[in-house]
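Across the two complexes that follow, subunit A remains constant while its partner is subunit B and subsequently subunit C.
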Partner chain A sequence: MRSNKVYYYYFAGCIAVSSLLFLIIISLVIASIPAFDFYGVGLFASYFPAIYGTIVVSITAILIATVLSIGSSIFIVEYVPQRIKGFFINLNDLMASFPTIVYGFWGLYELGPFLNSTLFQFLYTYLGFIPLFSTPPTAVSYLLASIVLAIMITPFASSLIREVYSKIPESMDEGIYALGLGKYHVIKIKISYIAKSILGALTLAYGRGLGETVAVDLTIGNSFIASPSLLSTGITIPALIANQFGSAFTELELSSLFSLALVLFIIGLVFIIAGKLLFYKRQ
Partner chain B sequence: MKDKLIFLFTLICTLIIFSPFLWLVLDLIIKGLNTIIAYGIDFLIAEPPLPGDGLGGIGTVLEGTLFMVLIASLISIPISLSTAVYVVMNERSKFAFLFRFLTESLLEFPTIIIGISVFIIFAKGLKLGLNGITAAIALSIIMIPYTTIQAIENMKQSRDKYLETGYALGLSDSNVIKLIVSEGREGVITGILIGMAKIFGETAPLLFTTVTSFNIFLKNLFSPVSAIPVLIFEYAFSPYENWHDVAWGASLTLMFIVIVLFTLTRFLIRRKI
Partner chain C sequence: MAKRLALSKLVIGTTIVAIVIVGALLYTVYNNMTGNNPSGSKINLNSINVSIIMGGSTFINPQMQAWIQKFSSKFPNILVTYQSVGSGAGANNFISGTYDVGATDAPMPTELWQKATALKGSVITIPDIVGSEAIIFNIPGFDPSKNGNLNLTASILARIYLGQISYWDDPSIKSLNPGFNFPHQKITAVHRSDGSGTTFVFTVWLYLTSIEWKTSGVGYGYTVNWPVDKLGGLGGKGNEGVTAYVKQTEFSIGYVEVQYAIANNLETAAIENPSGKFVLPNSNSISLALLSLDITKFPQPTQDWSNITALLLNSQDPNSYPIVTFSYLVIQKNYSDLNKAAGIYAFLNYIFTEGQSNGNIVTGYLPLPTNVQNYVLNEIKLISYNSQPVYQLISS
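After this line comes the complex of A and B, so read on.
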């Protein structure tokens, strides 16, 4: 029935898209070889502060984002009147697709000073004995970068969660009410119903957060240290690559940066695939 | 009692997540307009100022951004649309599933990785150098998944409506495809606009594929132009107050472009339904 000739033209487009993925991997691997040759695997030990910073910032951001995205999704679906629900959904999607550089710029010059004099000062003064808050507040820090990152990935996670949450059939609500339980139980049961998809959505959001470069670069301070205190400055892998790239002229320097990019790529890919599998597996 | 608590909890979450954004928009409007009004509407076509020396414009980078987005669209639209047509028309084929999966994976890639790979392959490997064209290639790779996924979603609806009708009328394969695409054209345009909105604000790939010089207007196809987000990034990092002011104005321009594109897409989608 279908003449196959027509589809060959369109097939070419698909081949282009699929090959992109492999081209990216291959180019990174080939470009990193000189660094691995010269330094061996000890290369990553010397980059430890960057790896540490990436993990700390992403985990803190995703912890904040988990609470906020689930909370706001529930609120938008369950409590917002039908008429203005569309407005909130559109606002949420706008926030998700907003240029991230603006978030970083604003975070550095507006949110940073505000949080510094209020929240961070409070944390340092009263909870300073915990290693987590043991350095005095500075204009840039892990915590500021995590908060800005959380602001950026929450709308994205929110829209994914909202998508699944709103598709739960109303018969579930009705059944729970019929048992004599209240809204609290309705929400609790519905959330546990889609728990796997929520985990998938958060994993996808985490994958996005790993690669966020400029917003984190502006708000983390770019000091090559690994500090246990969230209020201290630090560095993450994307920020390190972006900063060092301008002054990396020799083959070896460039190759070291590319090897770091390869690590980032592999971590990101793992989280993207894991997130997809979790999100799309219907219970 | 618990019902009230959960209402309060979710309300607070919503307030916490929406208020920073509204604060950000207000800040952009106030500070950005401050700069633009102080300099005049020429802000959009003038050159950026010297460090510490009064206000200037963003003309060079605005032109650079528009150039890059245009070239990126020219590269990515044919690829996206042909992928979308293939996936939509052959939904049950295993290849279609594979392509869909790969496209979605490409969607969430860290954009810095894409910038680095384009640098390795095109700027160094093919010796294209650091200029608007290389940046446009990186941006097109970022744009392709957005356009493809959106086009697939929307063409699925028009396919469900018109596929059998088309064949029943005896149309040839290519004419059926033309029918489906033209009936789903709002969706396709939405996809293109969404992709463009995404790449207008992308910074990380540009850091690896362009130079950060903001005083060059386009002379030829391979001029080393830069883009608005890179200007904001560099000026934000700098210690000069006047550069910060220009960065606010540039951020406002960027926000304006993104909101216009976003509103257009919502308007188009609503018309379909």
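After this line comes the complex of A and C, so read on.
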């Protein structure tokens, strides 16, 4: 029958499109083989600063972004007067579509010096005994890169969360008020109601932040070290690849960069799985 | 019935004629675009349409953009673009074919030159400008008009980038600069994060001039493992990135092509030369370094040039600046596309004739000495189309 045939064509098309994704991963693996052949597991040891930097920056950025995005979506839905709600929503979506290099330069030239002389100085002076803040503040650092990254992914995550949050039926609000609880509890319960969606939104936003190259490249300092202090300079895998790819002469160098990209992919996978497991544990 | 037959004959006939006409048009357009010149007649530079993609060194970027602007007002039909991506990427992209012309601050290393020659037939290495590397710094309160120049030696710079000197009030810096009271502040050393010819020249100079660097094992190259990273050294992308970091960061130091220091109003340090004098990079001190140039040391145009990086470093003239270098262009010698070969020849001819005159050289760069200019003009005569020298095929 004709409709059956059409269905099978659709099916084939879908398989083709999704297999593209697998092909990318397979080609990454194939391109990395020379590097793994040569270095063995020592590859992770020699590129450890980049791997460490990626993990540190993404975790810190996600933590900050969680707070910022949930906060801003609650603010827009619950507190902004109806008349100017549209303005804020448009502003939010505009920020989400900004070219990220603009965030990078803004972070380097404006936010960086400001934070350096205020927040970072405070953290170093009073909390310097914690290894996390043990180096003197510099113009660029893990923390600056994480903050810029968090600010970059917040509008995206916030708009996703806001969409779901605003769809929660009003009957839920009324029910909670009927129990005698206040607005704080209303918000708290509504947020936990959509916790799964928030996790999904943050995962998507995290995916965007993990591969972020230019903004991080400008604000992290590109020094090939792994420091326990957030106020120190460092490097991430995307920044390293962006810097080295153009001048990777030999097959081995190119292959090492591809293997780093594979590592990046695996890190992302681990984080997403961890996030899902964490959520199901809570349930 | 007869009408239908006639109609179908008409349709077929028209189709055939159309195909023939379109085919002929495409053939001439194709020939025009790729510059196939079966007849061997001379071509007019003003009538060809070609795009030439160049890229590489950030060192030469300001000068290259100025040249391109002037050239395109003469020949708007020859579109030249230059991407400032770093010498390493420039060499790589030239080999892969992305760039028609690669620009590098150091001649390509031997393995790359071999790869390029194997892939493209002969390649010609062309010195295109003289530039120098300035040491820029950001010390709040330091004013050269009041405190004198910041005097530095290769030994001090080596120890800074090795992480052995970490504070500005180190005795070795203070003893050379008694006119300023250095605070006890950490030195933030800025280097390049990408594959850079500027780094190559800087590290070669350190390797040749400072025993600390030579024995450290760091070596020289487009990228090196900077020991100072452990103390908070920063990597900037391109000369632009290093300049931005030094401008932004107090008590920092970095190495850039001198034009970037001039354009951004950054002070440069006076570096000790082999005669023991501390010299600032300016057109005088740089041109004095050129006097000792021995052009007979140039390799053949299509040979490996990687041994002559140090040709202009540490010149013996007492007032010369020690970190002076050529920047280089690398091109394929033989082309199968006449328009491309002609366009490249036209642009390079412009650079090495009008482009070397005083009004066309950007501040901070120096024109090639006359003997080098003549040498280069002979080099570009080697550019050939199907083994015929291109300059003989250009009519204008």
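Simple rule for what comes next: the second predicted complex is superposed on the first by the 243 of 283 C-alpha atoms of A that agree within 3 Å, B and C clash if a C-alpha of one lies under 4 Å from a C-alpha of the other, contacts with A are read in each partner's own complex, and residues count from 1 in each chain.
As a convention for this text, a contact is a pair of C-beta atoms (placed from the backbone, for glycine too) under 8 Å apart; a residue touches a chain by one contact, two chains touch by 3 or more.
Small disclaimer: the values here were computed from a predicted structure and weren't measured.
Undergrad: Counting only touches as set out at the top, which of subunit B and subunit C does A:Y109 meet: first, second, both, neither?
TA: A:Y109 sits against subunit B and subunit C alike.
Undergrad: Kindly classify A:L20 by the partners it touches after superposition: subunit B alone (first), subunit C alone (second), both, or neither?
TA: So A:L20 only meets subunit B here.
Undergrad: Now for A:I225: first (subunit B), second (subunit C), both, or neither, which partner does it touch?
TA: In the superposed model, A:I225 contacts subunit C only, not subunit B.
Undergrad: Regarding the shared-chain residue A:A139, is it in contact with subunit B (first), subunit C (second), both, or neither?
TA: Only subunit C; A:A139 stays clear of subunit B.
Undergrad: With both complexes overlaid on chain A, does A:F249 touch subunit B (first), subunit C (second), both or neither?
TA: So A:F249 only meets subunit C here.
Undergrad: Touching A:Y177 in the superposition: subunit B (first), subunit C (second), both, neither?
TA: neither
Undergrad: Tell me which partner touches more residues of subunit A in the superposed arrangement, subunit B or subunit C.
TA: B
Undergrad: Please report the subunit A residues shared by its interface with subunit B and its interface with subunit C.
TA: Of subunit A, residues 108-109, 217-218, 242, 245-246 contact subunit B in one complex and subunit C in the other.
Undergrad: If you look only at subunit B, which of its residues touch subunit A in the complex?
TA: Spelled out, the residues of subunit B in touch with subunit A are 2-3, 5-7, 9-14, 16-18, 20-21, 23-24, 27-28, 78-83, 85-87, 89-90, 95, 98-99, 101-106, 108-114, 116-117, 120-121, 125, 141, 144-145, 148, 167, 172-174, 177, 194, 197-198, 200-204, 207-208, 212, 229, 232-233, 236-237, 244, 247, 251, 254-255, 258-259, 262, 266.
Undergrad: Can you list the subunit C residues touching subunit A in their complex?
TA: 85-89, 91-93, 109, 111-112, 186, 188, 193-195, 222-223, 225-226, 229-230, 232-237, 241, 244-245, 248-249, 252
Undergrad: Inside the complex, what are the residues of subunit A that reach subunit B?
TA: Against subunit B, subunit A makes touches at 1-3, 6-7, 9-14, 16-18, 20-21, 23-24, 27-28, 30-31, 67-72, 74-76, 78-79, 88, 90-91, 93-95, 97-106, 108-111, 151, 154-155, 158, 182-185, 187, 204, 207-208, 210-214, 217-218, 238, 241-242, 245-246, 258, 261, 264-265, 268-269, 272-273, 276.
Undergrad: In the complex, go through subunit A and note every residue touching subunit C.
TA: Contact set of subunit A toward subunit C: 108-109, 112-113, 135-136, 138-140, 217-218, 221-225, 232-233, 235, 239, 242-250.
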